[in-house]
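Following this line, the structures themselves.
Two complexes come next, and they have one chain in common, subunit A, joined by subunit B in the first and subunit C in the second.
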Partner chain A sequence: MKKIDYRDKGSILNPLKNLQFFARKPITEKLEPRPASASYRGFHINDMDLCIGCSSCQKICDNAAITMVEVPSIKEDAAKGIRNLRPAIDYGRCCWCALCVDICPTSAIEMTREYVHTCDGDDTDSYFVFPSENGIHDLKFAKGWTKTEDSDLLDRIRRPMGEMKPEARINNFDEVVDGFTMEMAVEEASRCVDCGLCEDACPAHMHAPNYIRSIYEGNLEQAVEWMYETNPFSHVCGRVCTHICEDACSLGRVDENGVKNSQPIAIRWLKRFAMDNVSKATIKHIAQKGKTHIKSGKSVAVIGAGPAGLTAAFDLAKKGHRVTVYEALPKAGGMTRYGIPNYRLPEDRLDQDIEVITSVGVKINYNVRVGTDISMQQIHQENDAVILAIGLHNGRSTRISGSDNKAVVKAVDLLRMIPQGDKFIAPKSAVVIGGGNVAMDIARSMARLQMKQHNKVNVVVSALEALGNSFLADDEEVSESLEEGITILDSRGPKQCVISKGRLTGLETVNVLSIFDNKGRFSPKYDNSDLQYHPAEMVIEAIGQSADITLLGKDLIEELDWDRGRIKINDNGSTSVEWLWSAGDMVKGPDVINAVADGHRVANDIDSYLTR
Partner chain B sequence: MRPENYQAVPLGDSNEYEIFIGPNHPGIEGNYALKLILDGDTVVKGTTDAGYLHRGFEKLMEGRLWIQNLAIVPRICVPDPAPMEVSYSLAVEEIMGIDAPIRAQWIRVLQLELSRIAAHLFTFGGHAATTGMYTPMYWGVADRDLVLDLFEDFTGGRVYSIYNIPGGVRRELPEGFLEKLSHLLDYLESRQNDYDNLLFTNQIFVQRAKGVGVLSKEDALEYGVTGPNLRACGLAFDVRRDDPYLIYDQLEFDIPTQQKGDAWSRILVRRDELFQSIHILRQVIAKLPSIKGPIRTAIPNPLSWNVPAGEAYARVESSKGELAYYVVSDGGDKPYRVHVRGPSSMHAVQTLEFLAKGARIEDVAQIMFSLDACPPEVDR
Partner chain C sequence: MKNTNKEGHSKSYKKLQTKKTLEEILDIAISFEKTARDFYTALIPNVSKNIRYLVEELAEEEQQHFDLFTNLKENSEVKKQLVKKINTPVEDHKFSDFVKLVDLGDNPDDQTILVYALAREDAAMKQYRDLAENAPKGELKDTFSFLAIEEAEHKLELEKKYYEIIHSGGPGM
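Presenting the complex of A and B:
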């Protein structure tokens, strides 16, 4: 660099040297759009199919330039987490910071390299733009600023949930997952963008964004308050819910261009954390909120103390009705107690949920089997309304040859025996037929008993479906089963139970060619040449359940309308008989959260029926 | 047209008279004004009338999420926005207890020095124009535009980069960017002769600038003057060297100074600084490819991002002087308080008023431009 000293006087001739510029070509550029740079923040485009209407762009917008507009032509799908809201942008407010692009969970909103927009006269509305895939002027400009892994603003990865090592858990029924610590829970909760897609997807519409926020703020009591607005089975759902909410979570989306790995918020585990860390007394106090002290003078009977029946009972008791629950078994909880093993749902957690429910004034009569100990007629006469919520406690049979042997048993019957404390000698080898969560529950329970009694696991699961492709059980159930030493044979259909001199020796299976026919009906096709023999002392059938409706009595069965073997109900859960409602697994489901939702539905309908 | 709240200053029986320059005046460097009381051609008293650009940035920031403020801060100094982003990010990072990755720090230096070059080119033109020379202004603005092209390339925006984020920078440099930058630096160096001929060795300009608006070192310190204006008084103070941030301690550069403290000294310092910036950028070009690694330290989901309670004062050397953000967090999702220590308020208010006293009317605009204040940064 040439130095210029302070004392330099310069020369009057120096500027004249620049006269040479007259001889140069002017560099004035023509007034036409030049191509903007490859990451330019021009106008927005929005891929309508990728956009899920989560409103994150609106929330982060610095200038309130984004308005979410309802587009009726877009189909909403709560279970998949898709809303029909799409962003519209006011370019009078936009500052082109592209934070909306960087926060978009699905990389739907992006910016193009287009940068010129003018309007004629009074047409200022043209600055309010509803971006589509083709850009502000439909000119299909190339993309400019798009999301990269660096610019992505969301916290995509779950805080890992600790769990017991397979060797530590295999000989007992202790709970497998550890649960969050406060710090982990707050971090996990901080990932939420508060879109509410989870709330839409949840059958009971639990206020997940609110309780996640409360956990984030460290206010666990408030979180539990939010939960009890919609779900008296929050301990249960915090552990074994099918978490449809997490499937709808906007953070669970991945896309080809930007985001490779994204995990939904662990909503279920957050719920578990909040419930576990608020005292029972406080929860009881919270559950009392909204309870009226005016007695309606009406009485309702609930048959079956499972999640559906007890949720309805909880709601109705809080509304001032007298509620009596009839339960055939010695304890309440239905399938959550007699179907779900303890290592997934410890009994004391379930007991606490039930204790809270009874604390609002629900009376449960245990060991009363309707139809045997008390007739349906008597219940009808003593009550203004009756809810039938008996669940699905009859195991279905494969009806293959040899399945009538006494060593061929139903999964539900076995699962019911284990928590009842029945002395049960586990077979040294067992084959489970079925590929759903119940099959995994019985296989894993059996493995634990085998380990305890024989110090060796020998359980084979034979499922029709192929692993990794429409397999029915949850992925984590499958992986944890494999860790525990269970063999899963997928795409295998049961051929026959081999009986020798009246004793079961094993199961023969064949390869599955297809499960459904071309009309989508269940009609499995097998390749009989591929035959395998699995020696076993016991074969367990876990292929589905049905309701035991004998309690209704012949007259009522005839009076009711039926829909393919299930009682026909309307949208509110009421049957064709005026005083009878039905809820839970026997009409919908099967899962806990659907049962809870069902319970609320019938309770609301009964309340308006009783107070009409 | 007079502003509504205008009140004539009663002058009594003297020969003095009052004139008002600005806020929209070709001789003023932005949206602020000067009230001058003159006796003949000599200024008796000058009063800075700021506030025309007041948008309440500091207050606005208290109502916005930590991340949303990134879109506001560059607006506090339009010609030199990069130091705003970096300083805000540094302050938030300090409270959070995180550091930007090394590569991001190098990229930030690249952005800061490019921004300094753009700002100085702008100032050359403005300063020259106050002496009646308009060609340097066209040149300065045209050459600055080439810098803006590069900003567009790697930050996505020409003027408001909005490229920094607490924890690093938002995007990796595009492919071939460093070559482009290298070409630009070659070009700027090749322009040195032209600028020198036209402006810095132009006898008319030198004579106009010399001895105008003289500020002594003591007065400069008294008035809180920083940056090139201070260095023109003979004090080699530069935050980059005296309180190094980012990776400035790994770079080699001189701190240009002058002794006389007049308008000529100030523009000479800026001229030399521009070439020091080129020198720094050459080092960045040489070093950056060998620095691999991430460009961002993760921050929480910005929609529920609570910065822990605490406070931080992060200063950087902007083209105007020492720029700092004083950020206070009460542990919430928005700042409790953000204060911008902009160099321009010292330069445009107290220093300008001090220097205007006794100056001739034709030099007032030059004194003002030679101080290189940035009006929105005065108003905040």
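Presenting the complex of A and C:
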């Protein structure tokens, strides 16, 4: 081949060669896009209803081609794990790798077989696309790359939690759950996509993605540090939290287009694992972080040593205020001690949370009943601010015929007796009225006592609600109760406690045909012809609870504003009385993590009030 | 102050037995609502402030029924029927069960008040339902059916309230 010198400019006639095309008729060849293959990675589509705004697509994109855009018309719902963010894609950056498709927990984002988009020079923004269900040009193209079970990047199934067998646990109050091993915990933590929906949903906004990552990295101390930023009841919440975070977890979604079985990260069990595997001394050291050594000179009284009161006390003590907690019972913990049985929450774990809280300088006066041993007025006079967090310790009664018999008792009263070590002779047969977790707690406690004392379980739970969607108790409580030999009669309404010669002989119930109206409000329909008799030596009522507000006294009750039976508070827990705040179950309903969140809110507000 | 919490009009049932026209029946019904309204209104200061809202709502609801029944009596279509005689149920004690002197105690709690109110609405509903059954077909029957439905709906609302307050520790729990 002839070498051409780089300085060679060619013939001067070369431009004239182009003249040969001058007189020719132009030919235009129509170019139709060829149909793409079935799994072509073309432009994205996004199902706006399936998309939950978790941002997993954005996080996995190595080219930073995805931006999450706020869509105000989409309603956010943190508890359900729905954000109003949706992905927009920059096709100047996208390399069509489809990792966004393969990671999407709900299979909302997919790719089509559409691949042609042109624009003139002024319209380059058109390559930044907010994909909808109809694609980039609002033309419906066939789907290209979509996720399959093989291409799904998510590990959908949680590591199973071991439990004590029913026959081994039925005659004792030992903890039922085994807990994770290190290997199981790391595997479980590795499933997390770090979307943060759990943190949004948690009432205390615990930094779950951070502590899960720390567990994954094997750094349990760091995990506990993350926990103590928001929750001084991490042992308790590692066992009995209502785990709203798990309900919001992006992995808990049913993948409508692909994988059908998807389980949320076991966030609660991971928390339990980290807390159980860091020493008490280290946790105490961690809890001290952020504590000021400057005394404010202000004092705060907390009435009630439950999760709300003690969380507030923990925060306020760390801010340098003198905090005194008044507790009517011999030990702290409130309903977590006197309502939750040991097989769900061992007392030593609760004791450890309390010990850490008192280690920052919180003083608890036990066996002091406000209103009897000390007046509200005196507490007010001796302190700059007062927090009322007394929980819901009064049990409600059905007040059906015969319910005033001495063999008809309230669940909360019995549950309070068990950890106090009171000698309690279990009845040989018992019927529990109620279908919530308290009903299950007393039924399962009673079953254990019966097995120990009589070697036989005879407990019937009679609930208005039908098993399934409307049943109040957690599914695991129901299944474990059944395993332990407890009979659950759902859709049964209590008619009367049957009394013969002054002695209780049993409970009569009728069938509940339906319980809620089409708006979800209570509207029971009974079939009185379907009457059943349940013989029992004891009937236990577990239908609801209320706060004992008598400690406030008539004048303060009159001075306070009320909101449909509860003390009226603002968003920060402040009541209409300047020096009084209220928090926890008594104003927000029963829930540990909500109580913890409430404690923080109240402490922040009181600190602002005292340091203004 | 014990009598403050007792509802009067013990003679209502006897009156009802002897009254035979729709106008007279409606007069008793209006009186029944008025008595209840006044009863709840008098009860308001005698209950603890935290549950006062409940009694205030009951008084307001009875006032609404009082207004509704009064307007009904003034309605021209109903007026035409007012003089028609109907059979009142002979062995009916439902109204009387609750228009008799009822003692709620000095400081009744929310459950006591709700149980009383529920029973009262139940009695009224059954009474109107029986009257509707005994009335001849037409507007007269329709009127009593309407009254029965009104009381039934009132009772239903109270049942919902009862569940929300008693069975769960308060609304929204």
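In this section, the second predicted complex is superposed on the first by the 575 of 612 C-alpha atoms of A that agree within 3 Å, B and C clash if a C-alpha of one lies under 4 Å from a C-alpha of the other, contacts with A are read in each partner's own complex, and residues count from 1 in each chain.
Operating definition for what follows: a residue touches a chain if its C-beta (ideal position, glycine included) is under 8 Å from a C-beta of that chain, and two chains touch if they have at least 3 such contacts.
Nothing here was measured: the structure is a model prediction, and the numbers come from that model.
Student: Looking at the overlay, does A:S37 come into contact with subunit B only (first), subunit C only (second), both, or neither?
Tutor: First partner only.
Student: If you tally the residues of subunit A touched by each partner, is the higher count for subunit B or for subunit C?
Tutor: In the superposed model, B touches more residues of subunit A.
Student: According to the stated criteria, A:V177 is in contact with first (subunit B), second (subunit C), both, or neither; which is it?
Tutor: In the superposition, A:V177 contacts neither subunit B nor subunit C.
Student: Is A:P590 touching the first partner subunit B, the second partner subunit C, both, or neither of them?
Tutor: second
Student: State whether A:Q545 touches subunit B only (first), subunit C only (second), both chains, or neither.
Tutor: In the superposed model, A:Q545 contacts subunit C only, not subunit B.
Student: For A:I499 in the superposed arrangement: first (subunit B), second (subunit C), both or neither?
Tutor: neither
Student: Taking the contacts subunit A makes with subunit B in one complex and with subunit C in the other, which residues are shared?
Tutor: Common interface on subunit A, subunit B vs subunit C: nothing in common.
Student: Mind pulling up the subunit A residues that touch subunit B in the complex?
Tutor: 1-2, 4, 6, 8-12, 14-15, 17-18, 27, 36-41, 56, 59-60, 62-63, 95-99, 102-103, 111, 144-145, 148, 150-151, 153-155, 187, 189-194, 213, 216
Student: Provide the residue numbers of subunit B that touch subunit A in the complex, in ascending order.
Tutor: 64-65, 67-68, 70-72, 135, 142, 149, 152-154, 156-157, 160, 162, 168-172, 174, 189, 192-194, 196-207, 258-260, 264-265, 268, 271-272, 275, 294-296, 298, 300-305
Student: Going by the contact rule at the top, pick out the subunit C residues touching subunit A in the complex.
Tutor: 48-54, 110-111, 115, 156, 159-160, 162-173
Student: Could you please specify the touching residues of subunit A with respect to subunit C in the complex?
Tutor: Residue positions touching the partner: 392, 396-397, 399, 436, 464, 517, 521-524, 543-546, 549, 557-558, 560, 562, 564-567, 585, 589-590.
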